[in-house]
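Structures are listed in the sections that come next.
Next come two complexes built around subunit A: one with subunit B, the other with subunit C.
Moving on, here comes the complex of A and B:
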């Protein structure tokens, strides 16, 4: 089966005042969506050198509308990989490198949404994400992580027309890049 | 319409190649993706596969984190934690020349924002150096990510066997890019 890919939109952060990246008015003409992203935050005052990539669909922050799970590998192998359960108000992946203590490495994420325009079913997707710190203590403390397999569910059945990404505690750092692609099967 | 994914270079391994090097990589794309099917010439079950960004193998700029499952571990995963940092880590694996005939390993890697000069570079990687005969205790399936701690744009990439033999003729490689 042939597959065609199209760049729908790309956003590259400039300056230091962008808190949220939003892709709105997503065309409903493809079969699937794919995001490829690399990002850092400006945070220098938090408690750790990482933060959470927080994803909302259609601007929806309703509690219990999202569920996620992933096999997360920590750099000290503790705790052992396990699947998260439970509903929450967002998709949340701890993969943002902050600027705390001079930390310089970004996080990366690949985020896939099959059948995003289907208006008759809940939305499920897959992802992969990682953050490998530049700070040695983050490795020994187990803060560095990779999630080679991640899943999420958004329980409302409407078509997805917008997606937003933000860090919980700070703004995006200049140079962070968010790319959205449409995939069509033919 | 802007095409999302495009193939920038592709080929097959011939003439006992120990490396495939992509140079002068077009900087007008956003993300790089590699698809490789390969088999090493060394008389062993598994051969390390190295990826050197900008062909750098000095300065201790690489770290690895991920997981792998060995065929001898009954499905129990182990952690890959090469926080070094090191000069030239074994990022992924391909099968060696003792596994079942005609078997190749599938390898995939993705480097987001490779042309950035703001950030260091991080790559997703996965490989399936299995031994279909079932007897290869060193066969491994690997999901590993690698950080290259340098903010220079990536203009060249070397995939190689780290000095252990060469790629058997008939394997293939693709370097693609996401616009």
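Moving on, here comes the complex of A and C:
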């Protein structure tokens, strides 16, 4: 099957005050959506070795609208992380490298939303993340993640027209880049 | 003041707005709740590791080999 990918919109963060990025009025003319993102957090507080990529669809922050699970192929933690699920008010995944201890390791994410314009079904999607800290203790403590794969469900059935991304604890660091692509099958 | 950037994909127009006090408060509360959940999970994980080590030691004291313990507990 032939597949065409079109860049719909892109945002590169400048400065240090951007907390949230929203792609609104997403055209309903493609079959699927894909975000490719590379990001870091401004956080240097010492409380967070990593931050959570937090996603809201159509501006919804209602608790129980979202459920997610994920697998981590490798971590040094004990017990080893395994599938986790739970209803919540957002999709979130600990994939953002912070600026703690001078770290400069960005998180990378490919976030897929198949059949986003369907107006009669719940939406399901996947996301793949990569983030490796350069801080040795992060590995020892199990915070270094290798090739995590996340699955998410957004339970309302309306078409997806808006998506927001933000960190949970701090703003986006300058240079963080968010690209939205539309995919058309034929 | 933290801001939010809204990109209108139909026009390409970007709008930058400052977060409201309510949005900032919600962010702080969400981060605090997540941190609390992480700390609680770390305590549970640490206790599980301690229990595992203690259990293994007791099984060895009964005379079981490492291979027999592994066969029992996986």
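In this section, the second predicted complex is superposed on the first by the 178 of 186 C-alpha atoms of A that agree within 3 Å, B and C clash if a C-alpha of one lies under 4 Å from a C-alpha of the other, contacts with A are read in each partner's own complex, and residues count from 1 in each chain.
Operating definition for what follows: a residue touches a chain if its C-beta (ideal position, glycine included) is under 8 Å from a C-beta of that chain, and two chains touch if they have at least 3 such contacts.
Values in this document were obtained by computation on a predicted structure and should not be read as measured data.
Of the two partner chains placed by superposition, only subunit B is touched by A:148; subunit C is not.
Judged by the touch definition given at the top, the superposed model places A:174 against subunit B, while subunit C stays out of reach. Once the two complexes are laid over each other on the shared chain, residue contacts for A:185 go to neither subunit B nor subunit C. After overlaying the two complexes on the shared chain, residue contacts for A:6 are found with subunit B alone; subunit C is out of touch.
Applying the stated contact rule after C-alpha superposition, one finds that A:36 touches subunit B and leaves subunit C untouched. Looking at the shared chain after the overlay, A:107 reaches subunit B, while subunit C stays out of its contact range. Comparing subunit C and subunit B on the residues of subunit A they touch gives the larger count to B. Shared-chain residue A:62: touches no atom of subunit B or subunit C. Taken together, the two structures place residues 77 of subunit A in contact with subunit B in one case and with subunit C in the other.
Those residues of subunit A whose C-beta lies close enough to touch subunit B in the complex are 4-7, 10, 34, 36-38, 40, 71, 73, 75-77, 81, 104-108, 110, 128, 130-132, 134, 136, 139, 144-146, 148-149, 173-175, 177, 179, 181-183.
Only residues 8-9, 11, 17-27, 47-48, 52, 54, 61, 77-79, 90, 92, 164, 166, 168-169, 171, 180 of subunit A touch subunit C when the two sit together in their complex. Note for the complex: subunit B touches subunit A at residues 1-5, 30-31, 63, 65-67, 77, 79, 81, 83, 110, 112-113, 116, 118-120, 122, 124, 126, 143-147, 149, 178-179. Across the complex, subunit A is touched by residues 1-12, 14, 19, 26-27, 30-31, 34-35, 45, 48-49 of subunit C.
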